[in-house]
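Below you'll find a set of structures to go through.
You will see two complexes here that share chain A, one where it goes with chain B and one where it goes with chain C.
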Partner chain A sequence: MALLAVRDLTVDLQTTRGVARAVRGVSFELAKGGTLGVVGESGCGKSITALALMGLLPEGARTSGRIDLDGTDLLSLGEDALCGMRGNRIAMIFQEPMTSLNPVHRIGRQIAEPLRQHRGLRGAKARAEAIRLLDRVGLPNAAQRVDAYPHQLSGGQRQRVMIAMALSCDPDILIADEPTTALDVTIQGQILDLINELVDESGMALILISHDLGVIAETTDDVVVMYGGSLVEHGPTDSLFDTLAHPYSQGLFAAIPDIGGRHDRRLTTIPGTVPELADLPPGCPFADRCPLAADDCWSTEPPMRQVLPGHQAACLRLEAAAAGRANGGRGDD
Partner chain B sequence: MFLARRFLTFLVTIWGASVIIFLMLEVLPGDPALTMLGVDAPDSAVEALRRDLGLDRPATERYLSWIGGLFRGELGLSYTYQVPVTELIAQRLEVTLPLALGAMLLATLVSLSLGIFAATNHNKVGDYGVIGFSQLGLAIPDFWFGILLIILFAVILQWTSSGGFPGWDEGFWRCIQALLLPVFTLALSLSAIMTRVTRSSVLEVAREDYVRTARAKGLSRRATLWRHVLRNALIPVLTINGLLFANVLAGTIVIENVFALPGIGKLIFGAITNRDLMVVKNVVLILGAMVMVVNFIVDVLYAVVDPRIRIHT
Partner chain C sequence: MSTAATDPDLAGDGAPPQGFIRRAMRHRAFVIGFALTGGMVLSALVSLLWTPHSPTEIIIANRLKPPTAVHWLGTDQFGRDILSMIMAGAQTSIVVGLIAVSLGGIFGLALGLWAAARRGWTEDLIMRLSDLTFAFPVILIAILLTAGWGPGITNAILALGVINIPIFARLVRGTGIAMWEREFVQAARSAGKGRVRITFEHILPNITSVVVVQATISFAIAILAEAALSYLGVGSQPPDPSWGRMLSESQNFIFLSPLIAVWPGLAIVLSVLGLNLMGDGLRDLLDPRLARQR
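Moving on to the complex of A and B:
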């Protein structure tokens, strides 16, 4: 049985423009020790899905579906039970290391907090464990830095502190929401390597949210591609990157700048913008921006169809998309 | 380092205040002696008073002797009361300090509880209730609220006296009782403002990323509020509360008159009416100094609350 099974997860958010359906019937599974990449543009529902897993959705959000962790439906748990899960069985690191640590507390105390909360560690024991964790995530001089305040650390160091904090109680699942986006390019690789290393070492499962396809390809076993709150493609990383069955996945991939390519070539972009979740049209959410869209794309919600075993895409024009990729795809440039 | 610099600023500000007070009262055109005695006074009397007050000496000399006197605790004689100003101020402070500090303390306690309560019940009935209360507190004039309290508690219920102050020799509790209504009156508009500041500050901090981090660690809402939100939310609250202390002192002038309390506010009110130069000048300086001391304490508290201030400044 999968460690985490998300079934038909739907999240409605209260916005100033009314109710927005931010996540629409999303389903996926994560095995123990598995790694899953979540890809998509800003506003596609990646982060909201992650917050739903943590039970930390904004005030007034409504959910339906199931999130089963080891057979327990997290959506049915009360606040107290969820507090026992967060930071203990599911931990999360966020995009903004600069603002994700409390400026008025020493980092040692902030790392010791989950230890105290879930393991009952206090005082010298908690401190020793915090130092060990800081050392483990590669913060130089951990024994001294444990008393530092966040503003005395760089962005990369702060993200290491965040990772130490997430790691503190040996969670089953680590959710990393764009963990390197806010960092210098030189630091990004180090942080990703660290996350990979820790995942391998501890056997925890990883959900890595990113819009950086390169990062996802290197790190994860499986990928889901999200658009407009829905899953549009889902499969093993290799298969998905080989096939790129969905026109949106193709568009995302084509939009990566080609380092070896000619400089006078314009970057390929996907025309249009991400739709407002509050007023998504019926039919396929991507229809407005899709080069292959036909009349029925605007009226019929595309079902998930199998591309290869274990690899599905939600598109009515899968065959046309496959043909397009064979003829005019990036690989033939 | 931060403290040393802040203390230096404090000294310079007080010195600046003393120069301004001196210039306004004694050097600007207009003869203090003539003002004190009135335009109908005979020239000989005006001359005599000028000599009494030392107004015939050059301005710098007069300023230096005033400041020198401050250090020795000799502030001259009050013209109307004919007692040393030092004694007068000391007596009056016994009423005004407990009144002002009591009002600050009460308003701080009320505003912290109401502000936090409102913020944690954001956009619910409790929140609207608190906003309503603070709106009301801001709209009601101090002196009118004071009179209402007198009518209710002193006249109708007869629980307290309507005013006056027995003096601390007459027993601690009797004095506290006499100060109760004035403190409430003074704290009303004060807590209204502070409540709003506390509420919006808590709401703002609650949206910070590090609060989400705290929740992601598994801390309950309550634990997150106490350990992560409040300390950060306190910073703007401290600033406003410090600045409001000046309003409190100004408020005592009205309140002490409403409740017939022999405090600094009443003293300076009378001194200005009677043109008692010695009293006015020293009381204004003392009031200024009190505001500055409070703001100095606020700055020290900043450094306690926020480690970034300790290191960067």
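Moving on to the complex of A and C:
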């Protein structure tokens, strides 16, 4: 049985422009020790999905569907029960290490927080455990750094501290929301390697949210591609990257700059912008940016169709997309 | 306590407690404000033990004397020594300011933190009640209280305390809500902490500087308001010395002896100025962003 099973998750957010459906009918599963990548542009619902898993949606958000963790529906739990889950069974690391630590407390104290909260560790024991964790995430001189304030650390070091905090209670699932986006390129690799290493070592499952396809390809077993709050493609990483069944996935790939290419050429983009979630048109959310859109794309919501076993895409024109790929390749070379 | 953090190979060195005094000494407004406030506090403390003359002793023969070697600031219409009255009056101002600000600060802080943590209808209720209190000027509240319980310093303090509650509640709610949106609070929540613990461990320490600054400003306003209430006759009662009442009584003699109005006025101006400068200075000094650049 899957460790985490998300069924038909829908999230409505209150915005100044009315109710926005930020996540619409998302379903996926995550096995124990499995790794799942979530890809998509800004505003596609990736982070909201993650916050829904943590039970940390903004005030006034409404959800439907199920999020089953080991058979318990997280959406039905009250705040107290969720507090017992967070940091204990599901942990999360955030995009901005510079602001994710409280500036007024020493880092040792902050790492020990989940230990105090969930394991009842106090004083010297908690401190020793904090030092061990800091050492584990590769912070040099951990025994002394444990007394440092966040502003005395660099961005990469702070992200290591965040990872140490997330790991402290041996969670079943680690959610990493763009963990390397705010870091220098040289540090990004180190942090990703660290996350990979820890996932292998501890056997926890990983949900890695990123818009960086390279990061996803290197790290995860399975990928979901999100657009406009819906899943548009879902499958094993190798199969998905080989096939790129959905026109949006193809567009995402084509938009990766080609370092070896000619410098006088403009970068490839997907025309248009991400749709406003508050007033999404009927039919396929990608229709107005899709090169293959036909009349029925504007009126019919595309169902999930199988591309290969275990690999699905939500598109009415999968055949046309496959043909286009066969002829034009990535379209930019 | 912070020796462990002074590891020389650590990057910056602006940890909150370190270098505060050094930076404070370089902040001119803070130094001036601190000196003026210190002067007020010192004269109040000294007056507890000693004043040049008794601040309440009436010697009619000495009335309305200009400054002399015996009476440094002269005497008032009853022949009382003005310097002694000013020193003793500082006591009244400080007691009123301290109690009123503590009262408003403690209740306002609690309500503001609660509103920020709970949001929803709790917040609405607290904020609408605050608006209601804002609708009544402090003088009116004091007069209402005196109408019920008679004039006196206690009612003046109570009125000033009540008026400070919504001021603190609003400030704390606003900065608190902003703090709840910060990533480290989200990180704390994702570590499984409840609202109460987050409020005390993450929200409160990060809004202390705002509250301290507001406290100095409220203190200054309380001194002014106490003077105004005493001037109107609903504050401290004779013979307790009060800067506001000295000012109000002096106006009958302003053409005979203009200086007797100047002294209490000057005392009020300097102490309010001192507290405001100190508040401004504290705001700069306690701002972690400014503390970090050196």
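FYI, the second predicted complex is superposed on the first by the 331 of 333 C-alpha atoms of A that agree within 3 Å, B and C clash if a C-alpha of one lies under 4 Å from a C-alpha of the other, contacts with A are read in each partner's own complex, and residues count from 1 in each chain.
Here is the rule we use: contacts are C-beta pairs under 8 Å (C-beta built on N, C-alpha and C of every residue); 3 or more make two chains touch, one makes a residue touch a chain.
Just so we're clear, the structure is a prediction, and the values are computed from it rather than from any experiment.
Upon superposition of the two complexes on chain A, a steric clash is found between chain B and chain C. By the document's definition of touching, neither partner reaches A:A294: not chain B, not chain C. Of the two partner chains placed by the overlay, neither chain B nor chain C lies in contact with A:L308.
Using the contact criterion defined above for the overlaid structures, shared-chain residue A:T99 touches chain B and also reaches chain C.
In the superposed pair of complexes, A:Q144 makes contact with chain C only, with no contact to chain B. Taking the listed stretches 3-11, 39-47 or 57-65 of chain B in turn, the superposition on chain A shows a clash with chain C for 3-11 alone. According to the touch criterion, the shared surface of chain A, contacted by chain B in one complex and chain C in the other, consists of residues 54, 56, 59, 79-80, 83-88, 91-92, 94, 96, 99-105, 113-114, 117-118, 149, 151-152, 162, 165. Interface residues of chain A, counted against chain B in their complex, comprise 54, 56, 59, 79-80, 83-88, 91-92, 94, 96, 99-105, 113-114, 117-118, 149, 151-152, 162, 165-166. The residues of chain A lying in touch with chain C in their complex are 54, 56, 59, 79-80, 83-88, 91-92, 94, 96, 99-106, 113-114, 117-118, 141, 144-145, 147-149, 151-154, 162, 165. Of all the residues in chain C, the ones that touch chain A in their complex are 4-5, 7, 9-16, 119-120, 182-184, 186-194, 197, 201-202, 205-206, 288, 292. Looking at the complex, you find that chain B touches chain A at residues 122, 208-210, 212-221, 227-228, 231-232, 305-308, 311.
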